[in-house]
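In what comes next, chain A is part of two complexes: it sits with chain B in the first one and with chain C in the second one.
Right after this comes the complex of A and B.
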């Protein structure tokens, strides 16, 4: 179990930079998720931690000791791959025993069996990986990664090959096991639900850079950048690009007052923060999508297409219906031209538009 | 269908919709059984027919080797044997088509086999003998026939040639397997300058027939002093097969996911251990395939073993067979056929046992 620190970590290939100047520190026993779209450098970071890739620049510390030059096999890192990467020529027990073959462990067999019990594959020890279901393979991969009591557990998209129900139960299962063992864990995923439900802390990455580090609530309610605002949340935040002129952004007759910002801005409005009202921003309903608990409506406004959410109990709207939307100034977020949030900036509908 | 459309088109107009006739399942099943019977029968007949030109020469060779007495060509035994075997083959085909159950087929096959054996015994039984195989136990074969030493002199015992052939085939096979495996792995896993050029080069080498290089190869072998040694052909054969084998092995390694190797290395294995414990077991089929192919190619080699010796410095099976045919030409076809059968046997056995892996080889190769 270890404290992990990345300092100005960079990895680039000939022309492309996969990870740029990444700094991050992870406490002992913490469960951290690295979240980002595919190609954002999250897997590269993981492989640098595992010791498979060597960083181009920057340092990796385990418990304060620099491990850049320590080989993968000596780092004592457990890793679960998206493909599980079980050894097809070995039985389940042999797979779990494999990491212990390289350590002088007196009671290897007992430890492997205990670990198999912990992940609930105790009855499958003699099977081959090809005879297991996806969920079982997943558990075996987890047992293999954990059996050597690793400093650090790395999970590379571990749930993406499972069906939806299994994913739900494995999410809780992985959380239970890592908590039980108290192992420092880093999960890499492109699925925000996976990241926010499992991790203590989420690192959101884009284009090789860290966009924001924080709890799930931080990322959702207080996104630092425009990217995070658009990436987190489903349906995503409405982003309106406009220019602030004389304290307001205008489109046709419509006008939204803006304080604390000037020039080109992006206005962010969460779909659930918009409410239908008697007066406000005029909108014409384009289409309505029932989503179970709530109903998502897409509407055209002078500022572009906007999505908002209403409880399913509210009366359904007709396509083409004219309506008005209202929002609280406190719920608005504004981003500057560099994509960073402008703290203190707020947007509101002018008084005249209020009821 | 037409009626329902009318109903839909003219609402309110009463139209009598006839109940669909109940299909005669019995008849349909009979029809499809009969069709399948015809199809299978024709297929088996066709395949049997086209395999005749392939099987017949081998069979004839075998028949000559166990029946020829004076060395002359006697097709009499062959025809008599065929008179038993052809009906037996057709009868087996018919039984296979007509009998649906596996167990019934086995019983029919066994019965037909026994009948064919009995028929063969009655038809050609007394014509068979093993005298042509005396070369296996007689070290001075040609001297016994001619009563004097042969023109070339030092004509060896067949087991000497067999041992040499085995040595050439095995050694070159080992070299091919080791080099092709390591090279294939490196080409599959590592990016290095000139990698694509190297791969293209491998393919270009396949375009030229190695026989074109006979004279340069002879000169090279002469200069390095390996003329008239078995090492000469071993090295040349290895070099000739390597490009293709490397390509095959690269294909097999490409099919092994990178994840598994990374996983082994994070589990504490060194790269070499990961290769040995995790990657190699997964390319087993490829290893067996190139080993078998490599062995057979060394076993059957004639051109380079002949080209790289100037006298009778070494004998292998192919040169042995050639000289038996030369020296006793017109005298003993039976002997030549018997030597041929003996020569074929190892390749045939190997091939039969490893057929499964050889077919996988083409798949692995395509993937590459």
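Right after this comes the complex of A and C.
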């Protein structure tokens, strides 16, 4: 098991920079998720950790030792690929045994079988990968990655090829197995639920840069940047761009008071933090989408389109209905022109702003 | 048009040309060969007699021989030379060297690998006479020959490959040109291996040789089988380069060469049509036997039965 440290890690291809100046520390045994949209550099980071790509600049340390120049095969890293990458010509057992071939361990067979039991594919040892279901292939891939007791386990979008139910159970399963073995794990995913449910800590990336590192709560409740605010949460946060003038932002007749910020700002309001009220921001219902437990309503306001969520038990609204929305100042988040959060800045609807 | 007529028309339109081709260029010649082999046709092209004389020329009954008959020396030698020629060219070049070329050129950067493969394809693209001439110049027995010039640099006396190592010469000449087909097929097969398998193997601790052994070679099983069967048959009947480089020399008189020189080759004892036909008939039988044996050994049935590429 290992501590992992990335220092000013950069990877570029010709003109394109996939990862820019990334620094990150991961504690021994920690489960970290790297989360971001496609092309944000998360997989490139993973492949640099694995030793498949060489960094253009910066350093990677495992337990304090620089591994930039260490070949993939000497890094003792286990990887589970998005496609599982099982060897099609080998049986399940041979697949799991494969990494041990190169380690000259005396009890390889026993270890491989134990690992197969741990991931619950003990019954399938003689099968070929093509005879397995997606979930089973994934378990075998996990066993193969873990059998050599790696310093670091890398998971590249491991659940994206599974159906929804299986994804739910594999999420818990992977968490159980990595915890049982205490292996330092890095999960790369574009799925925020996957990242926030499985990982101790989430690294949110965009355009090759780290936007924020924190727990699921940090990212959701205290996003550092506008990008994180918009990326985390479904439906996404309402983001209203406006200019603060004389302590307020205005649009048409509407006015929202702002403290602690000047100039161009982006006001972030989570859909579930907005609630209907007698007074407040005037809104006209555009359409209503029942989502099971709750109902999402899209409405037009003077500040643009806003989404908010109401419990399904609340009476359904009609399209075109006029209403008012309220929010608590404590729930508001403001971002400066550089996209960074302005700590201490708050927005509020003045009393009787609207009749 | 009724659907039955349409089906019949479709079959005719689509399969017709191929069938015609097959019949005209394969079935009829084999039939003619079969008939001529049992006649006494020679230069005058007249047939006086239906006879097994040609086969008796090749094999005379003998009580002492193992199988009850003794093969004519020239025929026996042709049989042996063919075996050596086909086996060596096939294993060393058409399969072995093709594999090495495919492995090395795919490991190089794309542009460099492309250049290397293009070089190996050049002989294929040049007319066979030109290719044969290049070989003749290369192995010219005087000091002007390319090979002898190279040997001269190391202080080795000039050699005459056509005299001293004729089989080596024709194996090399055929192999250099034959390796390119295998190289192309194997290169594309290696290219089709998903890249993540290589990454997985590296992460699992495999070195380059282990990657070749455990990832690449298993993927090449089917292309290799195909190349082996196909090229074995092609080599069995090939005589073009042997004839162009060696002429009707006895040292390289393989079965195909023997059949050719006895019948169609100008000015060198040709015109023994019936005898040549008999040799060709035996060559056809040998070809079918080799095909069946390799087909069995390589388990080609499984290859042809269903796609063997496992996609994940």
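As a working rule, the second predicted complex is superposed on the first by the 353 of 355 C-alpha atoms of A that agree within 3 Å, B and C clash if a C-alpha of one lies under 4 Å from a C-alpha of the other, contacts with A are read in each partner's own complex, and residues count from 1 in each chain.
Please note the rule applied: contacts are C-beta pairs under 8 Å (C-beta built on N, C-alpha and C of every residue); 3 or more make two chains touch, one makes a residue touch a chain.
Everything numeric here is computed off the predicted structure, so don't read it as measured data.
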| item | value |
| --- | --- |
| Superposition on chain A - do chain B and chain C clash or fit | clash |
| Touched partner set for A:98, first chain B, second chain C, both or neither | both |
| Chain A: partner with more touched residues, chain B or chain C | C |
| First (chain B), second (chain C), both or neither touched by A:208 | neither |
| First (chain B), second (chain C), both or neither touched by A:271 | neither |
| Partner chain in contact with A:137 - chain B first, chain C second, else both or neither | second |
| Which of chain B and chain C A:129 touches, first, second, both or neither | second |
| Contacts of A:81 with chain B and chain C, given as first, second, both or neither | both |
| Segment of chain B that clashes with chain C, given the candidates 25-33, 61-69, 79-87 or 97-105 | 61-69 |
| Set of chain A residues, in rising order, touched by both chain B and chain C | 47, 50-52, 72-75, 77-79, 81-83, 85-89, 98-99, 101-103, 144, 148 |
| Chain A to chain B touching residues, read off their complex | 47, 50-52, 72-79, 81-83, 85-89, 98-99, 101-103, 144, 148 |
| Contact footprint of chain C on chain A as seen in their complex | 47, 50-52, 71-75, 77-79, 81-90, 98-99, 101-103, 128-130, 137, 144-145, 148 |
| Complex interface listing, chain C residues touching chain A | 194, 196-197, 199-207, 210, 214-215, 218-219, 310, 312 |
| Partner chain A, residues of chain B touching it in the complex | 257, 259-260, 262-270, 273, 277-278, 281-282 |
